[in-house]
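Order of writing sets the labels: A, B, C, D, E and F. Residues in every chain begin at 1.
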């Protein structure tokens, strides 16, 4: 049984190294998008996964589809048509200078797609898991409708649904996000969020505690997960915890709440190579782990180890194998040479 | 007195060398657009020139404006706003494999601009020449209106108008082009076209002769220039003559008709480095030469020599000086080392 | 029904541009090998194709398999194991300086493979065409055996067999090649050769005429094709005709003999970007055309146009689509910009 | 009213990444020089600024002037002539391996320039601030004279003068530096120095305390600033405080003394991308802040934040905007992605 | 009198920056191998040194020999012949992701060489020091024999012998390594090992103490050195102590035992640029220091400073001079700019 | 017996591909200089050769000396000291756009060297051939003196002298060149010149014929060689004949006059990769051939084939072996792949 992910993929254009945008006349050209990133992670771990989107008919799309095949992601349900693939310009930060993202994604094929173009009954034929993020409905009202139709179809067909809140302030307002996500979250089984999403989208903060003050506040995170679960009845809630020391160094950990107990992962001191896609690699790792492990602590450790590795890798995609994740989970984070 | 050019500029993304699109993970990132290319040529030759367009508020635009300043082009009349800068992907051909252009220019800031955003009376305050191409009105009905308003203001203020037909079949139909350009050409003093534009836009072909048969048909080109002038009353008509032997080798020449006599330039055997912008560099050379030389033969030789040099240079812009053009006109096309 | 190709693929390491080997500290790293190249061509044109080889268990192999998936080539029958993937160093020539190939392919997984590792009955289950080249049996006695077993299985199962003679003097002697290929050619339906292979392998030269003297000697080529057919009873013989003017410019054409008539293609004046894989792209084009066209002249024109395009493309693989080949066949070799 | 800066600019040649000089066959080619760096910083923040130097008549100079225009720096007062532009080779260090600078700046156009070539009355026509560094008079006796003439003209015209001591032991001796700078500092209003300059040039050290011992010795720095002010009557003294943990990590802070009070900035933990130009970006930030803010604490925080950002940017120039500096001053040094 | 080193050199292929293997289509191509690395270090410090190996007759070998000459290493005793130079693929790790080495070295010219091809009497004619590592005998039984013959000849001729244990589990088993190295170590005067080699090869661990537990366990290392000396009678034993915090940061130190006293070096906090060859640069520094300094503390400090510098340099070779090592030993590890 | 060459070597900085100077922020960094180029050619063919110059004490010089050792050129007589190594910027032309050279070589270590620093008696101890070009004395009066002293010493010691006229109008006037070269040529045995040098330096033109008119004028070249020999009594005169069709294509041939007969080489149609150093590679080939062949036709064919190959190679140095030259002489200029 396969996993289906649904959302927008963009051409990502990044200056080389730590150059600022247009400091030189070159861009590294890769692809990125939350749900595509999750699909690649899952394929790397050996899952059957199909990525659904809409893309224009041109050589850029051909290259993207080829890359999905490279990673083993099924593209049979990608709709071809529309005007354009979105573009985003990504400048990598360092030290005190943060990374910069400029989005040029309006009027993309997926944002302008007709919900009827996606036949969810067929798409979910062999599926048992559906994943999307809060970015997809933020693209357009058409996509709100498409996501809702997908969720309804999934529920009818017994397909489990995971959603990464992924609030993007440039795509919609908090009010609109709250309205839409409140509706969509009714269908969601597994919710993924970072340390700010719950507040941005639902206004949910830790009770009687300052969750953003100082260091990791375990009680605060537990409170947020509890409130989310109380409100929407999620089966599982996973929250990533990023401590941004600088654009070069981060702390990275996460918590899983299964409605009963709270499981905190170990914390990694990251030397960032490329943090974009870090959250998506967590999502990919989590979905894989939930499907293949039963112990909640193992699940959250797998997801965090996977996403720690991602952040040492250039590009949105997490180019790691299951055995590499397991090796890191098993404790070898010393970075010794593997001869 | 300055020259004003008006149109769209795009971010141009090209694979390195002769790679196909997305064959590797790098794009060379430069800017290009017919009227910007003409402005750069004119600035390189020492003319005062102002480039008018509309661009979004982001670092890509900052870089473009910085580049215009690098070349000495005035950007004071560029309007900042709107959604995006257009993008085009340019794959360089070789041998029998032609170059490929993919445009992603819909919904660009300039295409969606309100004609009222351009105050032509102010823009033409110090100007005595206005240049645009058939691409600008092809962008949108708004731009048809903007071009017409610009032409009317120019005529009122005694500003000479040049236009490069530049038919782009992906932007509009022949019928629409004919209708719009017939209206706009009423205002035009100097018309520039390549060997196919007159036919594509106005259906004008050589009488009683096959202008596309075999080699350079002087009589055919004369006939086309005569018909254009008879119809629109142009002061001057310049037609470029490209002989495409392969994507690596071209013949390159042009003809100028001043309403009375026909002047044919010498022919250059080009080894193409980058032919995009070749026609624009001809336009830039022609406008410069018409403003600075009186002898028609000199005018057409300058324009052709300038554009021959451009095609040996990477990128849309013609990075040559007046003295380099004059040297080539003077006969030294042997490519010896200048120590 | 699918095509199966069988042979060795190597990691190809090439200096950038026209650098000599190790002139700088970089190598472009791609893959190449006659039968893999043919498989990629066929996949690009839309054929079902499976590539069979043996490769070691490491990330280089993972990347190769990912690339085959990128192009849509089936890799299910690739055997994983053995010591190493062969490497070849390819220095691109220019002007009077010829290209240089250094092979480091001994002891590769495929050369050392046990013929029993390839279960031809299963491999050919859905196949109706089998392609190999003279390089495969030249790798080792094991591979002679494997090729023979494949041919026997193919014949039994009604699978058509094509073979590109591809004589490699560094892999075996002419005597050994003659002995082995004489045996294997008994099974071959479609023979492909360049202007020297027939002489190198079988000692077959044009009767009463100097086939290598001066320019294209049509009678000489016809004679060779006739002798080959008389000796082995091939259904079709295709011979490529390369005129090496310099390492930068070649003439390129071919002839097809169907046992009755001789069909000569048009001749292309090539500006070489990368000639390695040119013959393989001819083979790929020929197989595709034989499967999809009935007119022999169309068949040979397709194969030659396809391989002319390849030689304007970097790397062994022919990254062109069916429509691009058809467009060139249709006469547009002028290399104009496709806007 | 504009700022004028005066000094030498050089072509900077750096190996890529962490390569040693000539380890590979490439150099990154940018420009750098203390006063040009300050001019670029000021232009980026929106100040009118004119950069004065002398450069030879060749395409390298054309490129430099184009770059100044790119950043919006006025180049009208650059003198063209002389033999050459200086060159410096810059190898970036890492870990325990320090960066290496090799200067090839003798006989540069500016070093050999006649002081009479600079008409300070005209240059300062619209100016209210003049900035130079101790490098300029160190170039040659001609430049000592030019600096003195500039200072005298500035004082006469009511133009404020800032000077960065910037001692360069390869250009002159401590004795010569002391003699010249003692004379020039009479005219200076705002003095900038790093933690070693005061000692190198004037022999001024903290009284009764070891200013180079251990960590930031606030009392020592205060003593040095006080002594400098007592001796020369500076209006303001700013001292940068660099703690070199390794070539990869530095502490970075500064102190401002306004003749009455001492203002210490916050300290930044830098991950160095390129530390060359760090001091100059401090100077540029300081001049901007002194011209636009009144609160001394704000002034020193702006200057330090600006120069902290610079050290995360490749090249000598500080490619940051006013809003980026203000954002960092405002406390967000966590390097989060700016989506 | 010269030093002779003997072993295998390989072509090292590394992705650029932190890319994974085959993530892009480029490899950086350098050379590396323990004994060649030691030879280059020694030549850089001014020693006469000859590198002995066997390499095939092709342009890759020409380039390697040219590079040895570049560094001043004598290559007169390199034997030319055999099939191939080994290749290794080296992916640089970062953060928690360790570096990956893939070896393709089987059937290399040196592994397959006949011991009789090396005439040790002649090779050691002007030599007073012979260095090899445990990798050389691990290549093949032929190389076990060659090493033994070299050791015997060296002993006869009064040539001192140093050996770096360098256990490689992919080349031989611990049992085989123990057997062979026990025999060869009889001839060795100076033994070099890292913190794990003694256990891997000889099963020697610290008595009554956990040498791998927690931080630097001085007593444990002393115990190991003592046991090694007791068993083999080494004149000197040097052990490197690497603390792997992550693939980006390491602690680096070493200990020297002269049979009587134990000398611990200072510890360096390394920001890794390229750690491959770190141990070899320690060996090179140690041999140089033993030949040129008498104070054991100075010897170990030289070796550790040299190898700390290496790890800030790209490639296997330690491109540092004697004065750079001495400067770091002298305490300046702050990485300040050397202007 | 060795060859000695004497002159200036410079750091050559070239934009990548066909970029104009500073169009991008990268320069390829190699070395070049007439006499160094000749030395490398000779070393490649197997001659003992020593290169004499003066260079400053810095890492750039270290890299150059390392490179000379890479090629096998002896550097023992290079004097270390002085201020700087000269730099030249080389922009590669294409099509009608000629290459551009900008020299920044004034005040180089060699130009400012004291003639007494070169002890010719010692330098020529094992030499039987001395080569210099007209560039060396053009550098400074010191170098005129040094060249004369070298020539006198050579003559006294029976060392044969070859000189390439190599007129550089930017270094000296024709009058000064004539005066100096007339004096130096008294000592010269073998004179090398291109088609313009004899006229530029000595005012020698073909009698009664237009040597620069139209195509190869054999009689004209013979006349020039005869006049030169009559005037100076040269043993041999070799003249290269370049036909510049464009910056991309040249004809290339040469003539040798031995005082009696005239030998014209075959003509090569060159596709230029890098023509700089073409003349020097002719000189290197000629000297080698004069020392190793007796047949004058073979001599001139060797020199022309060698220099034809050079022009297909990036950089000043001719990276070809003797066998590659001989292969081209033997007729294979077809540029076929050498597998």
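Here is the rule we use: a residue touches a chain if its C-beta (ideal position, glycine included) is under 8 Å from a C-beta of that chain, and two chains touch if they have at least 3 such contacts.
All values reported here derive from a predicted model rather than from experimental measurement.
**Q** Identify the chains adjacent to both subunit C and subunit E in the sense defined at the top.
**A** A, B, D, F
**Q** Which chain maximises the distance between its CA centroid and that of subunit D?
**A** If we average the C-alpha coordinates per chain, C ends up farthest from subunit D.
**Q** Identify, among A-B, A-F or A-C, the interface equivalent of C-E, where equivalent means over half of the contact pairs coincide by residue number.
**A** A-B
**Q** Could you please state the distance in Å, as a whole number, between where the Cα atoms of subunit C are centred and where those of subunit F are centred?
**A** 44
**Q** Using Cα averages as centroids, what's the distance between subunit B and subunit E in whole Å?
**A** Chain centres of subunit B and subunit E, defined by C-alpha means, are spaced 63 Å apart.
**Q** Multi-chain contacts in subunit D: which residues touch at least two other chains?
**A** If we look for residues of subunit D contacting two or more partner chains, we find 17, 20, 25, 100.
**Q** In graph terms, with chains as vertices and touches as edges, which category applies: line, ring, star, complete, or other?
**A** Its topology is that of a complete graph.
**Q** Looking at the complex, which residues from subunit D come into contact with subunit E?
**A** 17-20, 23, 93-101, 103, 168-170, 244-249, 275-276
**Q** Per the contact definition, I'd like the list of subunit F residues that touch subunit E in the complex.
**A** 66-67, 69-72
**Q** Could you please specify the touching residues of subunit D with respect to subunit F in the complex?
**A** Of all residues in subunit D, those touching subunit F are 13, 20-22, 25-30, 58-60, 62-63, 83-85, 87, 89, 91, 100, 102, 104, 106-107.
**Q** Would you pull the subunit A residues touching subunit F in the complex into a rising list?
**A** 24-25
**Q** Which positions of subunit E touch subunit D when the two form their complex?
**A** 17, 268-273, 305, 308-309, 311-315, 319-320, 324, 328, 332-339
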